[in-house]
Amino acid sequence: MRFINELHDGDMVTGTYLCKKKETLKTKAGKSYYSLILQDKTGILDAKVWELSNGIDHFESMDYIHIEGQITSFQNALQLNVKRIRKSQEGEYNESDFFPVSNKNVEEMYGELLKYINNIKEPHLRKLVSSFFVEDKDFIIRFKKHSAAKSVHHGFIGGLLEHTLGVVKFANYIADNYHIINRDLLISSALFHDIGKMDELSTFPENDYTDDGQLLGHIFIGAEQVGLRIREIPGFPVKLASEIRHCILAHHGELEYGSPKKPALVEAMALNIADNADAKLQSMIELFQSADDRTDWLGYNRLFESNIRRSSSYNS
Amino acid sequence: MRFINELHDGDMVTGTYLCKKKETLKTKAGKSYYSLILQDKTGILDAKVWELSNGIDHFESMDYIHIEGQITSFQNALQLNVKRIRKSQEGEYNESDFFPVSNKNVEEMYGELLKYINNIKEPHLRKLVSSFFVEDKDFIIRFKKHSAAKSVHHGFIGGLLEHTLGVVKFANYIADNYHIINRDLLISSALFHDIGKMDELSTFPENDYTDDGQLLGHIFIGAEQVGLRIREIPGFPVKLASEIRHCILAHHGELEYGSPKKPALVEAMALNIADNADAKLQSMIELFQSADDRTDWLGYNRLFESNIRRSSSYNS
Amino acid sequence: MRFINELHDGDMVTGTYLCKKKETLKTKAGKSYYSLILQDKTGILDAKVWELSNGIDHFESMDYIHIEGQITSFQNALQLNVKRIRKSQEGEYNESDFFPVSNKNVEEMYGELLKYINNIKEPHLRKLVSSFFVEDKDFIIRFKKHSAAKSVHHGFIGGLLEHTLGVVKFANYIADNYHIINRDLLISSALFHDIGKMDELSTFPENDYTDDGQLLGHIFIGAEQVGLRIREIPGFPVKLASEIRHCILAHHGELEYGSPKKPALVEAMALNIADNADAKLQSMIELFQSADDRTDWLGYNRLFESNIRRSSSYNS
Amino acid sequence: MRFINELHDGDMVTGTYLCKKKETLKTKAGKSYYSLILQDKTGILDAKVWELSNGIDHFESMDYIHIEGQITSFQNALQLNVKRIRKSQEGEYNESDFFPVSNKNVEEMYGELLKYINNIKEPHLRKLVSSFFVEDKDFIIRFKKHSAAKSVHHGFIGGLLEHTLGVVKFANYIADNYHIINRDLLISSALFHDIGKMDELSTFPENDYTDDGQLLGHIFIGAEQVGLRIREIPGFPVKLASEIRHCILAHHGELEYGSPKKPALVEAMALNIADNADAKLQSMIELFQSADDRTDWLGYNRLFESNIRRSSSYNS
Amino acid sequence: MRFINELHDGDMVTGTYLCKKKETLKTKAGKSYYSLILQDKTGILDAKVWELSNGIDHFESMDYIHIEGQITSFQNALQLNVKRIRKSQEGEYNESDFFPVSNKNVEEMYGELLKYINNIKEPHLRKLVSSFFVEDKDFIIRFKKHSAAKSVHHGFIGGLLEHTLGVVKFANYIADNYHIINRDLLISSALFHDIGKMDELSTFPENDYTDDGQLLGHIFIGAEQVGLRIREIPGFPVKLASEIRHCILAHHGELEYGSPKKPALVEAMALNIADNADAKLQSMIELFQSADDRTDWLGYNRLFESNIRRSSSYNS
Amino acid sequence: MRFINELHDGDMVTGTYLCKKKETLKTKAGKSYYSLILQDKTGILDAKVWELSNGIDHFESMDYIHIEGQITSFQNALQLNVKRIRKSQEGEYNESDFFPVSNKNVEEMYGELLKYINNIKEPHLRKLVSSFFVEDKDFIIRFKKHSAAKSVHHGFIGGLLEHTLGVVKFANYIADNYHIINRDLLISSALFHDIGKMDELSTFPENDYTDDGQLLGHIFIGAEQVGLRIREIPGFPVKLASEIRHCILAHHGELEYGSPKKPALVEAMALNIADNADAKLQSMIELFQSADDRTDWLGYNRLFESNIRRSSSYNS
């Protein structure tokens, strides 16, 4: 299989692609044909199946399909003229070829996260955190795979874990250096702050807002889930239960960013600082990666409301 | 008993007042005395107990106390020189003399509310609403007594009920006149929209923000409570569960007013309209009531960001 | 005649369309031809008249023209190749086929409006309102036909009437339920609040901002017109004259929405609430109507700054 | 007569003051007395009339009264103990001792204004402007005396004239230097831009917002008045009528500053620039005048949102 | 040479154009060709050089090149099919044909500027200003040629001089009419206020932001340069040095417009007024020039946030 | 000496205080006396010297003075009735008793700062930083003593050093964890980011804004000073010079917070994050220190726009 961004006019193509979209249309002459959008992690490709009879097995949109065909050029854009299609089988393809994936090793990151969890001393928080990150196998599997965003930063498989770890480490630095911080509360909040994203965003290949994501949002969802689990832990201190949910609710820092409460605890402030810092710096990393190497000026960036450039001494 | 706003210099006072605050201080000569703040629904009064021995029974702040003493004037302000104090007994006083109370009949209002509840046809919503407003005796007692605010509109006993009814009626008008509205969803949301205030604000005489009010806020609390109850209703439709919680979350209409989501459903918009309309109009009613009758101009109002006046033809 | 949205490549077309735009251009060979934009209420269509001699009568842009020709496809868009043109005669076509029109019956709506007018008791307001809505035949004809907007809500023939009625009814509900409201003042203001739009927007088919609309705006125009009429009513109370014009001036609620004064009277507030509520709910109705039935999510809406969806139980 | 800011404890006082406020109160012993606020242009003074019988003639608040009495000190503030009062007669006092007055000669300023009026060439504008500033004797008298503000800049007798002249001159400079400007339109608009203030603010000694000022505002009032006068001028061009009212409506430059339309004409922009410039610079002049001479830093100024200082080389 | 906006399909072209962009591409057949963007002051033109061998001399992007070729039409756009290219020689072309240039005479404008400089009396300011505008030959040459903007107002050769003169004259008017102004400080600040643009923007043909422009901005650059020169003038008063740099730093008037300080001196306010006025009025001049003469409405303008129109009597 | 906050009515006082303010006033009887404000780090005290002859040596405001006298109570406030005054001698008092001082050891903090300086590898940055922090003895002395603010966070002796160290450490953490950061540039910028405060604020006891602070601000001052020093370092890379000044200019992150440029480099963003984080967390530390220990709710905080509370488990 060749990646989509490597194909040229006239190339013969054989291999597996994700069928992002499938439409059945008619030619002027009234004959049915398929118009497809194929996708891999390098981009998307327009494809047409003009002859629906021969060698075109049944498949649906969002299936991985094995394709044979030839690239043509239509109005300055490449198009794939498909001859044969069948559904691909697991093993024939590698999911990581189709979606963006964290550059870092998921298991190593998770191992690092567990170290911070093992450092939590307050027993109820320890129990609460463990009930998700140590004992809930289904949660752990989903958490490791989820992205942290539809588009902006950490929008890839493993992104939620990578971002959570970045925030936890930042939070730990703050607890080390500013003595008024209750470390256990801050680290626990950092671990939970974005778990609502697992219900806000569907998994890849969709990675799009769910109904609950649109209607409730990850901030509410996360705080509600932590609240539900707390009810199952006997003797969980009432105040502490309010505090950890407050940190989750307030972690966006401002009402206009979707937090229904502004930070009232120093740990909520610290979580907001850590979340914001990791998000901004990771956004810059992704911006640098996606940019053309030959220029220092990376153009106007809407998130940062500034023209961005690499500093002259970057790389040394 | 005479109300605080009717007392004059020299008056002898005998009656029950709420002791809002009690401090034990020392005179320059080193003698202990009590400095009290007494309260009824007409205002507050500074009181001193210079002789702690005779006739001064034990009492605490927030007790209702029966007092004998005389009014004096100190630095242009009235002060009560207290001779005797004992705790008042239930029956000796009327709670409604001490706190602001709705002008309307609580039971009549509740009866009206039940009519709207009886009109709900969707069975799961009907069950959900009834589980609070019909079956939960403790909830009903608390709901009828609660205020809807610390200061602004509906900040009195019965205020939550009065405001909820006002919003439900407004919502019903909208459902009658705009056919795209799902009436059951809108009425149910209107009923629940401020129930989080029962945990956000403590009851009278305090009527102040609780810990949970400050840390979580009534929007989150209300949505969470409805979510918990939904889990107990078998077969409650998943989408409907998200929709009713969305309406509660979004009822402030804008992120900067504390809603973590803007209205995405027409019912959420309608609830926001109804809530906002009842709040504004009731604020005007309270403003008119508290103003001097002799002038049309009521001065600058911060909530409305405008100088407010009565219209010339307001007489009835 | 077939509606524009029903035409296909190859169709023969005979019928009347509105000629929205007419340009005389030249081919590379130097030969003159017409490039037209045709319109009906379902959309617009590009048309070319390559041969200007035969059967092409004189017509101007904004004429209704009777056309014969054939549909062709050019660069994926349909185009009408016109063979014959003549001006259509009144009676040959139905104006309501060419512009968006209220779904509701204009005369019924106007009758309902008159009932509210007949309820006004304050004699000067009654006289003022009647001088427009009962006695001024020209005003009544124009009022019934006007739209209430260029694009957003109620942007169709009869829209101004439909919106005014919606606001009057809302205002009446408020007067019924909040006793501090001066009903006559509020209903009168509601009737007048948007009459300035009759000069702000030209009539269909243009339905676009006029010079006065751009330079003065409907808020000023409406308040000025009411002021002029008041001068003709002997003994009109000075204060009441200021109050009704205030309600008109303040009905957008905020300076940044074009009101030169914020509401200072409870009736001005109520008018703002009613106007805003009807506008938002009607916008949602139009959004639902224009949306594809097969999906609940209607996409991001700039007016509401939110992704909008139908609630699950919206079926009727 | 001595000015209020020159009086000391123990001084005997004989002279005329404006009685800003008059209240009849009772002593604890039940005896009636007057509590007065006296005013001149240097400040206000608390006064008491303990004996109402002898030598205390009838007078009302807002009368000029001739007083005899002695200054005493009560709680660190001066108070006048009044022995005799009678109403002052015209001629006994000088109005300019009681209200702030323009430093400049009113007739000279008006003469200068007339020169600009005589330069207007467009006949309808000439007629319109003259109908106010040349022919309307009552208007001229009121215009010369009015202030341009309750508090901020030009809040003194003659202030409206002084500000209008400042804006007209600025406008004339702009017309001289930027050729796209229609001078007649700009000068006429500048003359009219604040005439609505004559109805927005009452005259001295009140100088406070009127009912119409609060409900309609000077922007609407001015545009409406110019519109009414235009109707009396036969053949006044329709477009020009819209343009001059637009300039008045838009002269605050931004919706949030109370203009219902943003400037759409270059003359409206120029008027906004000239108005804003004269207002800011005059505010600075008044700030410098009111400040202590011994310091360069004049403290934080809310209007300018900055700490203000005199530049080192300001000497004249 | 014919200007680009005068060329038609089929025209033979011989003359000099600026080569704004040069790319070497390959046809499908693998043959190299040049794709060029040519520019003159009337617009840009797409050009292709299909045969690279014959008569195509070496040249680079940003060279002035002499071209022979023919206009063809491709997909409704004109394209130049180039036959011969050589670099143009100085003298063969006129720079002012390629870039926008001030309509006014540069030397006359500079002469006028010098008159204001000769009027400065404070000796240190006189010395400071002269060290740039009289003695620094290199500065003078660059100052006369520079534009004042990339796109908005005064974005042409001589624009910086024209804008500076406009602001100086405005400042002079203010100093004439408002006596609290220190004229020397204001005129000097006006002269310097935008000199930082000479480093913020590169010269034509680029006229784009430089590295320093993006990273430091003209406000900082200008204030720093004036500060450096002040250090070379013995005895320059410390306060005056702060004041003139303050005027430069604060001349945008608001923090959100890039001034690190709001105006604290009346001269800084006056400079902000003058700068803003000249910028707005010149923007309108350029808008009028670029607009179609046949319409009064010039469409929505983002800078002014308004639909703009010519006043009816413009031109008389 | 006893601290001001420990004095009671009737106490005899002997000791040294800072004379913050000295006024010579007259009694009603015409006799001169001194009215003083005394200060130590615990507060201020009103003092009167009624007899100016005996034992009252010459002194000025801002002198340390040795005082004998007695505390009296006047209108509920303590006042010192002074009998004897003489200037205190160095050694008699400890400056740290009079101003707020960092809790941390200045030399230890400075030593830690030097370690980060010694880690800078880029030779020009190393030279630049050393020229201030290693070689400039006067700078080092002033830097160690300066506060970082008039009021908010780090407003004490040593505060600038403590804050700078906090930011440098934060910056170092970021450089350790986000590989795109140029550590040398970031650390150097962090060291310099607030050095402009040494000219923006005067030293204690004043600790108030200077003329340059008001007119130029610490952001401009710091960037200008670094620019001047760079000119003395041969071969300093031009780009690097712009970059480090950009980081200083942009460190407030937003134009409306006084940065004339938004961050365009990742190092500028990181500096803004680190500065903001240390400022917020230190503000919380100071808020906790100044608050009453008996309550968790610390009241509404304007900086954080939130009611602040200690988390329940904050004990250490």
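So that you can tell them apart, the chains are marked A, B, C, D, E and F in the order they are listed, and the count of residues begins at 1 in each.
Just so we're on the same page, a contact is a pair of C-beta atoms (placed from the backbone, for glycine too) under 8 Å apart; a residue touches a chain by one contact, two chains touch by 3 or more.
Just so it is clear, the structure is predicted and the values come from calculations on it, not from any experiment.
Asker: Where the contacts of chain A and chain D overlap, which chains show up?
Answerer: Chains that touch both chain A and chain D, as defined above, are B, C, E, F.
Asker: Since chain C and chain D are copies that touch, just let me know if over half of their interface numbering is common to both, same, or not, different.
Answerer: same
Asker: Starting from the Cα centroid of chain D, hunt down the chain whose centroid lies farthest away.
Answerer: A
Asker: If you average the CA atoms of chain D and of chain E, how far apart do the two points sit, in angstrom?
Answerer: 44
Asker: Among all residues of chain E, which ones touch two or more of the remaining chains?
Answerer: If we look for residues of chain E contacting two or more partner chains, we find 211, 214-215, 239, 243, 261, 264-265, 307, 309.
Asker: What's the complete list of touching chain pairs for this entry?
Answerer: Those chain pairs which touch are A-B, A-C, A-E, A-F, B-C, B-D, B-F, C-D, C-E, D-E, D-F, E-F.
Asker: Touching chain A in the complex: which residues of chain F?
Answerer: That would be residues 122, 166, 169-170, 173-174, 177-180, 182, 184-185, 237, 239-240, 243, 261-267, 269-270, 273, 276-277, 280-282, 284-285, 288, 304-314, 316 of chain F.
Asker: Please name which positions on chain B make contact with chain A in the complex.
Answerer: The touching residues are 211-212, 214-217, 219-220, 223-224, 227, 239, 242-243, 245-246, 249, 255-261, 264-265.
Asker: How about chain D: which of its residues touch chain F in the complex?
Answerer: Those residues of chain D that touch chain F are 9, 297, 307, 309.
Asker: In the complex formed with chain F, which residues of chain B make contact?
Answerer: Interface residues on chain B, with respect to chain F: 28, 209, 211, 214-215.
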